[in-house]
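Multiple structures are listed underneath, in structure tokens.
Both of the next two complexes hold subunit A, though its partner changes from subunit B to subunit C.
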Partner chain A sequence: MVEGLYYKRNEKIMSKMITISPVTRIEGHAKITIQLDDNNDVIDARFHVNEFRGFEKFTEGRLLWEMPGITSRICGICPASHLVTSAKAGDDILAVEIPETAEKLRRLLTLAQWLQSHALSFFHLSSPDFLLGFDSDPATRNVFGLIAADKEFTKRGIRLRKFGQEIIEILGGRRIHTPWTVPGGVREPLELAKRDQMLTWIPEARETVGLALDALKKIHKKYAKEIPEFGNFRTLLVGLVSKDGGLEYYDGLLRIKDGNDNTIADKIEPKKYFEHFGEAVEPWSYLKFPYYKPFDYPKGMYRVGPLARVNICDYIETPLAEAERKIFKSLSGNVNVVNNSFYYHYARCIEMLFAVEKIEMLLKDPAILGLTIRAQASINRLEGIGCTEAPRGVLFHHYHVNKDGVIQKANLLIATAQNNLAMNRTVRQIASYFIDGKKGKITEGILNRVEAGIRCYDPCLSCSTHALGQMPLHVELLSAGGEVLDEVRR
Partner chain B sequence: MSFLDMDERLIELADKIELVYSPIADIKEFPENVDVTLVEGAVTNSENEEMAHLIRKNSRLVIAFGDCATTGNVTAMRNPFKVEDIQRRAYIELADKNQRIPDEYITIAQLLKTAKPLHEIIKVDIWLHGCPPTADQIWFAVNELLQGRIPVLPPAYLRYG
Partner chain C sequence: MSVITFTIDGEQYSAKEGDTILQVARDNKIPIPTLCYLEGLSTFGACRLCVVEIEGSPKLFPACTTKPTESMVVRTSTDKLKKYRRMIVELLASEGNHQCAVCVVNGHCELQDLAYEVELDHVRFPYLFPKKSLDATHKDFVIDRNRCVLCTRCVRVCHEVEAAHVWDIAGRGIDCEIIADLNQPWGTSPSCTSCGKCVRVCPTGALFDKGAAVGEMQKESGFIKFIVNARNKHEWVRTAHEEE
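Here is the complex of A and B:
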């Protein structure tokens, strides 16, 4: 039934089960299974996450001050978001308000994190599907294939990500897992020369995001027939907005809307999150299933991240991104909500534009160069919660400490997990649409579309299952001639 | 993913290597006759373990890539605790609905009692330290390999964390 060696059926579980393993071009280890009936029509499809590390237990006994450093190792892709969120939980425990410069620097770091992570998702991971084609040869359908097909475009994307990484590196002294943000503020101020160095990147970055948006609009036309089947359903949408309803990333209050643009709840203090959101467990995935408590499980399905944020905010404070947001909204028909998960990519590009514009604004703000950057205090509360918008959605760190600042209990609610119900529904929808018993053959390209449904959410699974550490990454290098290692052995 | 931190150097590399299996590429089966495999992460569940053996069988050189693969690093921070206790915290104490430990082991992997560095499972030829290894470090190692040499890291690259 399935051709090629890319997908195996798992005979053990059901006579008709397709297993896609591993799901590729995402961060982390996962599988998809598709269960068929006797006519080869889809009964069910599931997204299984295979990672578990148990972060919430083994941070017991660590010091609060270590938490930003430890938790940033949850994820190699958005370490800065964990760093900032952990530091915010620390601010809460110290009961301090951090200096203005420190807040602005943390904002800068958060946006740099958005930019590099979004660029990675769009250029390195997802665009091989769009630019090479869902049905193109799987052997080259990756970033190296993209380099071969369009070197200039790929290089642009690589450099855009580099810009984000460079800000992180300049601020924190290194690219990944920087220990620069701490409870109470940040460790080092920003020097003038380094500020200027970052500013030189802005024109190129803005132009590259423009190119990404142009490319994406062509993709929208090219796949106009398929897009309506890519995770198109209504769910709740959850995220932070600023005090007056703007797109927010570092602070603000939670807003919940439904797929018809009704506001279900607004101005929720992030510290009260656990009153509103619960987590369920399924035996077939290590990733839990968060839901909105008043609607119960699984009806309380919600989505977070770019699609939710751009949908629920009333405006974006930077001009180019705001203009693009209005075009985005026009895709929604008469409900004023873009419900289709395929448009995560579009929302992500709009957020990249916002990030570039806002980074420029922050850098030009004289306060960014201030020297007062850290509030010193000791443990003043035994419980603290930090919340920011990570690239993939709203992120919470919740710690209990004793009077010496030793962690007694930690709970993390991570963006990717909050999309778990929606990701499952998406694979089911795509599989049901494209796999049709009467039409016969299930091609590799069809199964790749099911995976592409997952890529819309840009899940980061090592992070969401609190996988301190990583899935094994098997990057493999083959020398062009294959002779390299023979030489080595000689 | 830190591999991708080589930025524009990836473009240079594109002509010199063939990427045959990776989370960033779409081939689902680990191929035979591989020159070099970089393995990131500690071995923490049954599938990682099987994969490690398959990699060893099919690769001429195996590189433990990053502190998790070389020492266990943060992944091994769970080791002092019982698997059961860690799972109980996540799926029972910190869950609100259907509290139970996931156990459909046909679709998900079973955790090992402890997370282990790669060399405790298979023979490793080269170690690249760092959490994660820096782009310069990776670039150095890859270039040495392309020159037909086993990379011997200069002291500056021999750091953990």
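Here is the complex of A and C:
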């Protein structure tokens, strides 16, 4: 039992609980409960993920070479991230260094995945809150309402996502669930004409990200009073950085910083992740609670994803994104770390800018058109770990195989799960600020802000619990005896 | 040699003595779905997908093993036949563990093609999810019994063409399984020549090359007819159709 995060189950506290369920406009399915104490003050809030998929179990007995194709089915939003990470775990087991062209093509795919997922998060899922207002009518506070309000802006956002999807389709033959990346490399080289087709998108994409950044900066001003309550707390920040400390997405080494900009650990080989990170389990959620082992559970709370990545890197290799990173850092006050989860959105936009610039660099590199793309080998190790930065944060695939390449054990450490402790903390902070327990009611405004707080993390619960289904919102306000004082479903 | 004249779907055709209804239909481009049948191998009549109606009999007959007789009236595409063919594919789907989306032959699978052909939009029978084994002990190939439809093409090609007779069927009824030699790991089989013919003729993803990823395995079974012709008739000829 952990103080603060959980209310005491066996103790008779005359308190009340609020539940928000299901949470909308995130990927997956979840419920929120808000616990009140005797004085009707919020003492705890929990973000429950109530679905289960079991990929780690049912892939046992399958072949290593099938794993990228199978695990990419975990998610329809970021299948390419699972695909590439799984293939990297396969490279490790084959003990091969993949050809240069294959690595560049995989990098291109990973950035396209970032771009389409970030565009989806920003334009389709989060912009309705920003541009239409947190308290606008929920019936129209969605992408359709956004089209009605600002058709051009929305269209540009949808097209930006399309650009990412189109790269994935050109490389892999299909937008969703391409099986194009395999242990040892990739399956098809890139043709010149298709390379050129991708390049034609760059100017428009760069401009659209610029529009997103402009819009976001206006939002920062508009909600200047509310933003400090949107999950503003210090946690560890974890992500990959390149060997010389730059923003990284495909390879690199793990860096861990705290909320005061102290480097807790650096240059950790991703293959040693399990020495540094543990996974706790709570009976009320299928989403595990990863934590930094040396700090123990739950003090080892850490955040991954855009906010962590842009915070922990020393620089970004592309010029426009690097300029934005410096502005981003200026929001941090005197600690040089932006701790407020609301700025996930800003970090996400900076990463979109980086993705567009870096995609252009990769496409203009002659090596991207190489024809040597796949290393062939048999099983040379019985254990392999793949690690990349998925849109929502660092992703690990860890496989054990027998000498024939049959999976004996699989562990998938998913980005959203790693934000789980922080998401719970965010919900608690927002609930404490906005809920007046004496009224015993969940107002629309509270619902909207709690949802928006979760949406900062752009959680993908399908991935992280390996869960099925849609993502509606369900919030409950409960008393200590378990009495439901109020309940809202959307 | 006597010639038999009979009717398929209202048109008159002639057959040489010994021809099957399926051979005549194929020669005349009349589509009849098949699964276990493969030109060059003996006929087995296992899958029952090629069933046809013959006037005067309430029974359905497999076109691959039934020989026409003079003035026989055959129908290949009635509502009744469509219903039974669809049901056969449904039963195959429910009896195995066929996950097309993550299968090595996705997009190049004869069972998948059949499912489209019979318009299998859903399966009415409960899936059995049988516990089947995957054997990856061979250095080049894998057998995944989850995807096996027991067509016995592998058994026949190994026995009749390669003459190694590695494969057999063990068990009874719904528990039948393809086994190597005396039910041992394929990689330990002393009789297997690693020729790969069984892999090429397998209509599904049950037999495949080790290292193949999702949708990557493409089968080519036309070469069996070529080998058999070359061996029996000393004719080394590929028709334009086979070249395709």
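As a working rule, the second predicted complex is superposed on the first by the 441 of 490 C-alpha atoms of A that agree within 3 Å, B and C clash if a C-alpha of one lies under 4 Å from a C-alpha of the other, contacts with A are read in each partner's own complex, and residues count from 1 in each chain.
Definition applied: a residue touches a chain if its C-beta (ideal position, glycine included) is under 8 Å from a C-beta of that chain, and two chains touch if they have at least 3 such contacts.
Computed from a predicted model, the values in this text were never measured in an experiment.
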Touching A:Arg161 in the superposition: subunit B (first), subunit C (second), both, neither? first
Per the contact definition in the header, classify A:Asn232: touching subunit B only (first), subunit C only (second), both, or neither. neither
When the two structures are overlaid on chain A, which partner does A:Lys151 contact: first (subunit B), second (subunit C), both, or neither? first
Of subunit C and subunit B, partner touching more subunit A residues: B
First (subunit B), second (subunit C), both or neither: which does A:Gln376 touch? second
Touching A:Arg73 in the superposition: subunit B (first), subunit C (second), both, neither? both
Could you look at A:Arg187 and tell me whether it touches subunit B, subunit C, both or neither (first, second, both, neither)? second
If we overlay the two complexes on their shared chain A, which of subunit B and subunit C does A:Asp404 touch? Say first, second, both or neither. second
So, does A:Leu63 touch the first partner subunit B, the second partner subunit C, both, or neither? second
Let me check the overlay on chain A: which residues of subunit A are in contact with subunit B and also with subunit C? 70, 73, 177
The residues of subunit A that touch subunit B in their complex are 5-8, 10, 12-13, 19-22, 24-29, 31, 33, 46, 48-50, 52-54, 56-58, 70, 73, 76-77, 120, 124-125, 138-139, 141-144, 147-148, 151, 154-155, 158-159, 161-162, 165, 174-177, 278-286, 288, 291, 293, 297, 411, 448, 466-480, 482-485, 487-489
Residue positions on subunit A within touch of subunit C in the complex are 61-63, 65-66, 68-70, 73, 177, 179, 182-183, 187, 376, 378, 404-406
Within the complex, subunit A is touched by subunit C residues 101-102, 104, 134, 136-137, 139, 142, 187, 210-216
Can you name the residues of subunit B that touch subunit A in the complex? 1-5, 7-8, 10-11, 14-31, 34-45, 47-48, 51-52, 55, 59-61, 65-66, 68-69, 73-78, 80-81, 83, 85-87, 89-91, 94-104, 106-109, 111, 115, 131-132, 134-135, 142, 145-146, 148-150, 161
